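The structures considered in this document are given below.
What follows is chain A paired twice: with chain B in the first complex and chain C in the second.
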Partner chain A sequence: MARTRSRLTATQETAEGTRRGVIGSRLNATGRRKAVTGGTIRGAELRTAALFIAPGFLLYAVFMLFPFIQSIYYSFTDWNGATVNMPFVGLANYIDMFKDPLLWSAGWHTVVWIVVGTSVPVAIGLLLALLLWSNTKFVVFFRTLYFIPFVIPVIVTGIVWGWIYHPLFGILNSMLEFFGLDSLTRGWLGDPNTALVAVIVAAIWGSFGFVTVVLFAGLQGVDRGIVEAAEVDGASWLQRARFVIIPMIAPVLTLVTAITLIGGFAVVDYIIIMTQGGPGTASEVLGSYAYSKAFEQNSVGYGATLSILITVLSLVAAVAFLRFREREQ
Partner chain B sequence: MVKRWSSLTAASLVMLLTAAACGGSSAGGGDASGGGEEGGTTILRVFEGIQETPRLEAEAEKAIEDFEAQNPDIDVQRESVAVENQRTVIQTRLRSDQPPDVFGYDTGPGFAGVLAKADLLHSLEDAYEKYDWPIYDWAQQRVTYDGTLYGVPGSVEQLGVYYNKELFSDMGFEEPQSTDNLDAIANAAQDEGITPFAFGDQEQWPAGHLFSMALSNILGREGIDNILYGDGKWSDPQVVEAIDLMFSQYTENGYYPDDVNAITYDDANTLFYAGEAAMLPTGTWLIPDLDELVQDFEVGFFPFPSVDGSSISPPGGVGGGLFVAANTEVPEAAFKYLDYTMSQESVERGIETFNEIPAFQIDPAEYSVSPLFETVLDELSEATNPDAYGYNIDVLTPANFNTVMFEGFQEVLNGTRTPEEQADALQDAWAEAKAAGDTLEAP
Partner chain C sequence: MNSKLAQARAVNRSASGAAVAPPGRARHAGGTLLKYVILGFFALITAYPLILVVSTALKDPLQISVNPFQLFSSFHPQNIVDAWQIGQFGSFFFNTVKITVPVVALVVALSVLAAYALARLNFPGKGLVFLLFTLGLMIPFTSVMIPLFYQLRDMGLLGSIWAVILPAVAGSAGFGIPLGVFLMRGFYLDLPNELAEAARVDGATEFQVFYRVMLPLSAPGVAVLSVLVFFQTWNTFLLPLLYLPGTENRPLATGLYQFAAGRTQDYGLIAAGALIMAVPVLVIFLIAQRQFVKGVTTGALKG
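Moving on, here comes the complex of A and B:
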């Protein structure tokens, strides 16, 4: 046996050596020309790559990078958005920010938004994606149906949900009354106890379709044979999902969760459309507070400081989440 | 590797700079879309809030055409945006290479006052002298910042209470003179199953109008002046009384619809139009809508009545105004346009079509208007003495104060903040604005 293995190894080494020899002699024969040609190709590739990258980079630089750097600068000023001069105030805005009681309440509301607004759509989206994947009938119909809320503009979603919650003619109160739950009826967006949650529900409705479709796409790469093997081994639907399917789509799940998480930090639109942060400040989140400061209260410097805080928090949260997921995997 | 990145960066930078150069040339090229002189024609950019309805928007366009017909050397490029977007748009536009030459904006210190401080407005002192515009002195004060006249006041507005005349008549009531009368009317309306006041505060600003009505009566113009320019405080007991009356007592009494913070201004108006509310507290700008949409009953208008024997000082003033950009290249054309807005033709259109009340003396009998508008016009056209009127507070107060005011009133309506706490919060916001130099100077 040992002798056989030695012979085989020797044969492989010989073949490998012959191959190297052939390649080596070919390189030797044309070495100079290849070296020159290789250099030219790299330069051309680089130029082509630069040309392809440049438009995207240009857009990124103009619309993301430059405003972001500008925002950092504004955060060190007391600019009101109108004057040519931007009084430099150093770290004053940052010091004021941490003394600002509204920051903490808006921060708490943002935490609620992130926790509920990330976990619920991801859970719903995952469940629906698994159901779609498990059943092959009407897949296109349901996938389209679930995705529709995501493609509807936020302004429309916000207005429609405002009607649903409306205290005078809203369907939610009408349904509660129909089922004899009159005591639960209220002005959902005008009640400080329900306003934030009511807006989050609208946002969840608007985003679960995105999660569903992305996860469903991820599920297309799952080997059904392995899942069927688990089924044969007696694994329940839940066990198959938990221990076989979800680990196989973990990267996609991580990505979609991270996107939803980061979106939660920056939310402004739903709040502005549905409650303007009210009643009082009951639904004010960091994004809407930054908007209000910068564009309604002529405090662009302070608003920029809040936006920097939002950026830092979302970056930290996203990186922490990704690290956590990497460790888990 | 370094070389590769250098090439990449260089290529991107070249593209970036090229694009920047292209952008720069187009912005500064003085193309046809820019203001200024072109082929003997002066291009005048006019920027204003969009009208409420397509019909009125078309009328606004027609006014421009008439101006152009009278001034063939001026080509007006009118741009209208949603009123709520004006604030975010105007500051950047004024700092751009293509600022609007003439633009409509709110007149308060948190609005045009900020622009004046930033040297973004063109002084109109010379224009006033040249054209001798007959605008009320008190209205001129609203567009005067640091002693310089910067604007032409737009229409005069008054806050008050619209009411369903038929319902009042059926219930045996006339226009109330005191809040006791008002209570009696409200109670009678409730007995009829009708909401006394159509009021919704989801947008937050409508509460500012109710507060202005009560406070103007309780303190009078002089008392409010004392807070705005003197030693008075927003935490004074009279201010607390006004907040308590409008947002605690009236809510507890059930004078407003349930869940008032979840009802919009438009929803509240609709309640009144549909006859489901007896009274509608708001401003004179709503007259065109009332004339058009209320079909089943006649609408009356009264100023908010006396509070415990106080005077009646309905909040009145100018809502917005027209301003000229500091860096306009065509100031004379801009002044001509402003002058046109005060011509007989323009005033007639303003009154009869837009139901706008000019900020100067007119003879109401000369115009053909609805009975409701005629009532208001008669009263306001005699407004040569501003002392008889109170203030719409949010027009005179800075942005940070207005935010605290609007958010806080929602909390008082919800019962999560007391009137005393709200008054203290107002005073704190005022002190902060005063320290920052954001409050109005004494006229």
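Moving on, here comes the complex of A and C:
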């Protein structure tokens, strides 16, 4: 096998060599042309670049960068969204924020969301990806099925899980009754003790397939020979996964964890759809709290401050991840 | 090292011996069974909510009051017709199309151009432009949603489909120009330079090089991007919730939300509406699964 591989690379090398030769001669041709009309060509390139980038960048700047900078400005004001001028209050919103008990509870719920909503789908996704990878039949069927929840609209996911949690007709309570656990039955979204976790479970249903598919794609780069050698050496399935396979897909694993985790800071839609932060504030997270402050309670300035907090937290997480990845490589 | 490996293998072999071989095989079979049990369990968890939607969408109104969520206790496709007409899901559907098509077209057109310039042309400030685009991948919607509301109001766009289209194209909902630039730049960086050079030698202008040579070569990338943007825009919920308050241009996402909030007991029609919204996404996903998975994984693996 080694011999065929080396022969392959040899032919590739010669092919590349001839190709490089061709490019070389072409480069010479353009090089000569450039020498004659260098200035205008570069001018044309600059004009083309400007024309190509301007429309996209303009839209992006007006509807993304500009409102982002506006957010920062709003956070220094006490604006209620109605008056013409925006009363400038400096850092008052930021100081208020740390004294706001609702912020701390929403922050805690966000931490729960991030920890549970990241570790569970990553664990399930890793398990399923490893199982699919180990000579499994119907791989395409399972992979396709697992991925479907990820493409289903969040509004549909939210509504259906609301039905699963239904106090009278939901399958969750029916199953608990079936197993004689009647004492555990409840209206899962209406009970302050379970509302947040119930929403997180729906979100996990919507995301574990994404993790599975990305990790499964990462596993395609793993050399089966090494894993089989470990098997011959008597490593159990768990040992092979832990010491052989997972280290080889560590970068993908870190990445998919980071994507899921960073998304958790800003989550709004699941909460708005399933509980509106309730009952009371039992499932309020930072994103939904910013939403309700700005759009329901007319505290636009304070809402913007919360959104800046979310941005800073997710940017810090993103940068920390990038650093971690650099060190890993 | 090789000899050590061989030694370990030999030890292993002598330790297990002939007598242990059959249980080993049995354990292997048990492992295989366990594997399919786990895969099947998660397949069931994945499938149940989907089946529940289909079953409820086909439920007779009389059965609904008995138990709305008993699977396939009746067959009443009239719900879907009623949802389409009485529930206005037909008009929500066309509004969603009116929003999704321009978003996909604009994101593809604008990011293909910008990405090409960033990958294949040289100009001052290139690094900064790319950095600013990449920043868009990291800014969550929450960070722009509040000022964007007042900005769209002042522009007189609130309530028109452009109040969703323009922010979506800009990347507010996630998959807009920033993702497009990022994804397509990767494609253009990977394309061989010879063809472009050959075209330049033949006297093609920069635009011709792009349009005639590089753009056709990047068709697979364009397909991936289109599929991703389609699915994100079709599903987008917060943009229309905030910026399309009226009923006139209401898309499926908020149409379904308002309908479900207002007629909580109409499970059959709610499910039919959910089906109307989910089926196009599912069909496109099944047709373009390769592009979809590729987009999600390259987006993830390169990000």
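Going forward, the second predicted complex is superposed on the first by the 253 of 329 C-alpha atoms of A that agree within 3 Å, B and C clash if a C-alpha of one lies under 4 Å from a C-alpha of the other, contacts with A are read in each partner's own complex, and residues count from 1 in each chain.
As a working rule, a contact is a pair of C-beta atoms (placed from the backbone, for glycine too) under 8 Å apart; a residue touches a chain by one contact, two chains touch by 3 or more.
These numbers were taken from a predicted model, which means no experiment stands behind them.
Visitor: Check the residue A:Ile155 against both partner chains and state whether it touches chain B (first), chain C (second), both, or neither.
Guide: second
Visitor: According to the stated criteria, A:Phe295 is in contact with first (chain B), second (chain C), both, or neither; which is it?
Guide: Both chain B and chain C are touched by A:Phe295.
Visitor: Looking at the overlay, what does A:Ile95 touch: chain B (first), chain C (second), both, or neither?
Guide: Once the two structures are laid over each other on A, A:Ile95 reaches no partner at all.
Visitor: What is the contact status of A:Gly81 with respect to chain B (first) and chain C (second): first, second, both, or neither?
Guide: A:Gly81: touches chain B and chain C.
Visitor: Per the overlay, which chain contacts more chain A residues, chain B or chain C?
Guide: C
Visitor: Is A:Gly187 in contact with chain B, with chain C, with both, or with neither (first, second, both, neither)?
Guide: After superposing on A, A:Gly187 lies in contact with chain B but is clear of chain C.
Visitor: Look at A:Trp163 in the shared chain and tell me whether it touches chain B only, chain C only, both, or neither; answer first, second, both or neither.
Guide: A:Trp163 contacts chain C only, not chain B.
Visitor: Who does A:Ala320 touch here: chain B (first), chain C (second), both, or neither?
Guide: neither
Visitor: Quick one: classify A:Ile53 as touching chain B (first), chain C (second), both or neither.
Guide: Both partners, chain B and chain C.
Visitor: Show me the chain A residues, by the header's touch rule, that chain B contacts in one structure and chain C contacts in the other.
Guide: Dual-contact residues (chain A): 42, 46, 49-50, 53, 55, 57, 62, 81, 166, 295.
Visitor: Can you list the chain B residues touching chain A in their complex?
Guide: Residue positions touching the partner: 4, 7-8, 11-12, 15-16, 19, 87-88, 91, 94-95, 110, 114-115, 117-120, 202-204, 257-263, 267, 271, 398-400, 403, 407-408, 410-411, 413-414, 416-417, 438.
Visitor: For the complex, give me every residue of chain A touching chain C.
Guide: Touch list, chain A to chain C: 19, 22-23, 26-27, 29-30, 33, 42, 44-46, 48-50, 52-53, 55-57, 59-60, 62-68, 70-71, 74, 81, 124, 127-128, 131-132, 134, 136, 142, 144-157, 159-161, 163-164, 166, 169-171, 205, 208-210, 213-214, 217-218, 229, 232-234, 237, 252, 255-256, 259, 262, 265-266, 268-269, 272-273, 286-287, 290-291, 294-295, 300, 303-304, 307-308, 310-311, 314-315, 318.
Visitor: Mind pulling up the chain A residues that touch chain B in the complex?
Guide: My answer: residues 42-43, 46-47, 49-51, 53-55, 57-58, 61-62, 80-84, 165-168, 186-192, 275-281, 292, 295-299.
Visitor: Looking at the complex, which residues from chain C come into contact with chain A?
Guide: Interface residues on the chain C side: 5, 8-9, 12, 16, 31, 35-36, 38-39, 42-43, 45-50, 52-53, 56, 67-69, 106, 110-111, 113-114, 116-118, 121-124, 126, 129, 132-133, 135-136, 138-151, 166-167, 169-172, 176-178, 181, 193-194, 197-198, 200-201, 205-207, 210, 231, 234-235, 237-238, 241-242, 252-253, 256-257, 260, 267, 270, 274, 277-278, 281-282, 285-286, 289, 292-293, 296-297, 300-301, 303.
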